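Structure below; questions to follow.
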Amino acid sequence: MKTILLSGVALAVLASGAIAQNVTEVRIMWYSDGNEGEVIADLLDRFEQNNPDIDIVLDNVAYQVIMEQLPIQLAAGEGPDIARVTNLKAQAEHWIDLRPHVADPAYWDENFGGRFDWIRKDGSDAIPGYMTQLTLTGGFANATLFEQAGVELPGPGATWDEWIEASRQVMEDQGLPAAFAIDRSGHRVAGPSISYGANFIADDGMPAPIDDGAMAYLSRLAEWTEQGLMLPEVWVSAAGTTYRAAADDFINAQIPFYYSGSWQVSNLSSKIGDAFDWVMIGSPCGDAGCSGMAGGAALVGIKYTQHPEEVARVMDFLASEDILREFSERTLFLPAHAGVVAKGGLEFQSDDPLVPPALNAFVAASAETMPAADAMPAWVWANTYYGAIVTRISQVMAGELTMEQARELIDSDVADQVEAAGQ
Amino acid sequence: MARFGETVGRVATLPLVLIARAFDPVLRLWQRGTGTGGMVAFFLLPNMAIFGVFVIIPLVLNFVYSLTGGTNILLGDRSFIGFGQYGRLLECGNYLQPLTCREDQFWTAVRNTSLFVLFQVSLMVCVSMITALILNRNIAGRGFFRAVFFFPVLLSPVVVGLIWRWILQRQGLMNLIVTNLGFDPVVWLNDRFFAFAAAIGVSTWAHMGFYTLILLAGLQAIPKDLYEAAEMDATPPARVFWRITLPLLGPNLAVVLVLALIRGVQIFDEAYVLTGGGPGTSTLFLTQYIYEVGFASFLRNPGLAAAASILMGLVLVVLTLIQLGLSRRAERGNTR
Amino acid sequence: MSAIKNFIFRRRGRDGGWHWTDIVTWVWLIGGTILMFGPALWLVSSSFKGPAQLAEFPPTLLPYVQEVATVEGHDAPLPLFEATMEDGTTRILAEIRRIGTSAQMVDPADPGERISVRLTDRTPLREVGLAVDNYVDPFLSFDFMRYLGNSVFVTMAATFLTLLTNSMAAYALSKYRFRGRDAVMLLIIGTLMVPLSVILVPLYSVVSAVGLLNSLWGVILPTIATPTGVFLLRQYMLTIPDELIEAARMDHASEWQIYWRIILPLAAPALAVLAIFSVVWRWNDFLWPLIVLSRRELYTLQIGLNTYAGELNVQWHYILAMTVVTMIPVVLVFIFLQRFITTGIAGAGIK
């Protein structure tokens, strides 16, 4: 009896050892804007059930970790196997090429090919991963506050100046601390700048000196801050390129008008709930157009992984049409999959009646983006430019620089960085 | 109370003693083999090995970084450019006007840090001194109050920054107080003056308890009969303070001054969480500049950050030498 | 009785009068107490407020929760409001839903009738209560026990190793004369001046090169050779009389035995101070673990909590609650050991 028991135990140990040997661990570093962390965990559970030889570990981290700690790990040749990132182009050297590993490269090219240039080096044909979602910057208005103040929401085609004026009336009527806020991010101000005719990219693909178009919008931001129309906490009270969002102030009904982007929809819907009505208003217009800025997050394989085959299998699963459709429907994200977009009919899963019109408004607004804006996501110097703009314009808002000084400094910051990168 | 302290000490040393006992036979042999000198090396070895690997080597590497260019973080991918980064940092029309410098943010940070250290250290010394003098009085609940001022020392800098940011924000406690007093609410951290004052005040709040205790230890070591003699002579309290207390407090005061100075120059976590360097760059301090340029920012340049930290290190070495000079002189004064 | 009274109101002033220094003393002490504890108490109070209440101005001193009532025909409890009706009377009504600038409300006693009330004509009914969800949600959604375990392991291991290596080095530096001793001491003190944030990148390369990334030891080892610890212990050991050591040598004690049989017990007060500081430091560590640990199962508590700072917004209600949680051990240390620390630093610390 004893021997049988012992051998049984031995067998069990052997068996579990054998299984353990065959299981490959795949690590995904993931950050969440809204509920996508839960959705992806759920989808990955499904994958694991059908693929017992792969053990996926999802490391949920703060966005700051993706921005500040991941780059150090990558530079040291470390890091997870897969990561969800937003700094796509500048770090492209660290992404893997899954082309030899994915089941059907043609499927990838067909459905994601249009945006591969956002996440790979210029001139490469790599398949580094896929965009988990497309985003588009745009404005949100607190319709309830506008209604209470008796101010009409400016219609389609309204300019930035008209929007700020209307918001000012709401602010004064309702006794709000500010009329408007925009996230502290170069990516957020780039679209509106382009609406005023800005072009950041010179003919040779290098950064162009900052032009009058960009200055037109950026000086407006500075003026609005000085006049107390733009919420100063977001931009003024930080130095450097630190990212700050103003979503909380909009959620708490402190500002009637907020410029951010489509990724906020799920967040706004869940946090605002029934408290007030909000609408997505697209991007207000400048002299040259009414452009937002496309962008997005991508799930990419990391070059330093020991298990490219397994990474490819996970990616194949997540990028498959059904799964991507479900992911988009449950997270309220705009999909970046050509097939899903072409078929349409996404059933976004939200009880909130405000969500479908908001997402539709984003889809409509994506037709308004201008060529100069469309070129930015695949441009390697975009973040450098964004960083310089945020740093210097904040200083103007704080009264440390004049707009003219800022202009020179933005150009010299960008030039310094180009020089440093070339050393 | 003393017994309680002994208990804590014993609990803390118990595992050490147990481990040490286990090594006893081996080390007896070692001593026989290498003599006392070998034992000294052995005592120093673990600490210095770890120290060497995790402090000295990174420091040396940091210097190497400062001589390289490029935006790569991995040293192997970087190219040697000599002292170019230093040149870039030091290129300046007028050092007092950051905007005339090539790296204006660096010089802004230098200016802010100098001002911060000047005011924060003065405030720290004054507040700790007053508190220590008061706690040295024969008052009820002395032990309790001594602990009260020490409480924030135990909080993590991140928590300290968060607490005060929460209090000073637009809808915070400070504005509740201010509006109750009949004033208009202020966005404190958006105001150049208040934000800078907040950085000074909060860091003083967080660390003063530590310095108070050092000064208190000094005060308690001053012989009581000196005061009694002064009282006999009906010497005014202010005179007693300047003539007896302050001179005898010299060594402790030197320690406080220099520790506060070093920590002031290094100010980072709590100010970073509190103000993020804003409004504008008015609370951008050196360590934040180095951290951001080093890797946190879109405009990353690790070599420049390394060069800036070496320059900061040089300044701190000068401060150390002053510390050594001060405490030597104070010690000499004491024994005389 | 009068002895107690005398004790409590002991003053400088003669004849029971108040000298100005007495007034300054008590104003300073009471003001100081409020200033030192007030912010932390405000944090604790705020951490029990719901997100909506956190956004309110003026803030209330105590946390409140919205009163709710279960109304027939509605599954979820409905929030209660005090509504002013058109005739000027006030009624307690429950909100069904809000439409634009008015709300559809119902009297809990009479669920059939629906009343439309303008938003400006109603105020929420609230009672003092705790938004416990701020604490419960994060606990349910992340691996709290594992993070706590990692934090405890890091804190204990780092403290133990700090005490061992620092006391050995301090012993050598205080009780032996050898060439280069001053240089070693100077080197150690010199690194007091190197803040971690400055050597982060090279330190990362070193830790990466020795293969300690994503290991708790990668967090522990770089922290244990603290200059402060060596300095503090050495200063204390200098006060231990050399005669004790000489006597032990006469009895043929080995140098190692002298260290652990004589020096360690005698240095216990200083070791205890260092132990307490080390526990507090390692528990509070944030930046370094954040960089070394990128795997969820290795997170310490501080890093786990940081996940709540997402891209979009700072979720203040969770952050405040979790900050309070991380403060608990520190507060416990404070409550039970404060007298010892404060006398310990004064007695053992800087001489």
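For clarity, chains are labelled A, B and C in written order, and residue numbers in each chain start from 1.
In this section, a residue touches a chain if its C-beta (ideal position, glycine included) is under 8 Å from a C-beta of that chain, and two chains touch if they have at least 3 such contacts.
Treat the numbers as computed from the prediction; the structure is a model and nothing was measured.
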- Query: Does B-C or A-C have the larger number of C-beta pairs in contact?
  - Reply: B-C
- Item | Most central chain, judged by mean C-alpha position against the global CA mean | C
- What chain lies farthest away from chain B once each centre is taken as the mean of the Cα atoms? A
- Query: When the centre of a chain is set as the mean of its C-alpha atoms, what distance in Å lies between chain A and chain B?
  - Reply: 39
- Query: If you average the CA atoms of chain B and of chain C, how many Å lie between those two points?
  - Reply: 19
- Distance between chain centroids, defined by C-alpha means - chain A, chain C (Å): 33
- Residue ranges of chain B touching at least 2 other chains are 73-74, 170, 295
- Which residues belonging to chain C are in contact with no fewer than two other chains? 55, 201, 205, 316
- Task: Would you give the residues of chain A that are in contact with at least 2 other chains, written as numbers and ranges?
- Result: 72, 76
- Item | Interface residues, chain B side, partner chain C - complex | 1, 4-6, 8-13, 15-17, 19-21, 23-24, 27-28, 31, 36-37, 39-40, 42-44, 46-48, 50-51, 53-59, 61-62, 65, 73-75, 130-131, 134, 137-140, 143, 145-152, 154-159, 162-164, 166-167, 170-173, 175-176, 179, 185, 205, 209-210, 213-214, 216-217, 220, 237, 252, 255, 262, 266, 268-269, 287, 290-291, 294-295, 302, 305-306, 309, 312-313, 316-317, 319-320
- In their shared complex, chain C is touched by residues of chain A numbered 27, 29, 31-34, 57-65, 69-70, 72-73, 76, 78-80, 144, 147-148, 243, 245, 247-248, 251-252, 254, 263-264, 267, 271, 274-277
- Task: Spell out the part of chain C that touches chain B in their complex, as residue ranges.
- Result: 7-10, 12, 21, 24-25, 28-29, 32-33, 35-37, 39-40, 42-43, 46, 54-59, 160, 163-169, 171-173, 176, 178, 184, 187-195, 197-203, 205-207, 210, 221-222, 224-225, 230, 254-257, 259-260, 264-265, 267-269, 271-272, 275-276, 280, 283-287, 302, 316, 319-320, 323, 326-327, 330-331, 333-334, 337-347, 349-351
- Note on the structure: Per the touch rule, the chain A residues reaching chain B in their complex are 67-68, 71-72, 75-77, 177, 186, 232-233, 236-242, 244, 383-384, 386-388, 391, 394-395, 397-401, 405, 409, 413, 416-417, 420-421, 423
- Message: Under the definition above, what is the set of chain C residues touching chain A in their complex?
- Response: 51-52, 55, 97-98, 100-101, 119-120, 201, 204-205, 208, 213, 290-291, 294-297, 306-314, 316
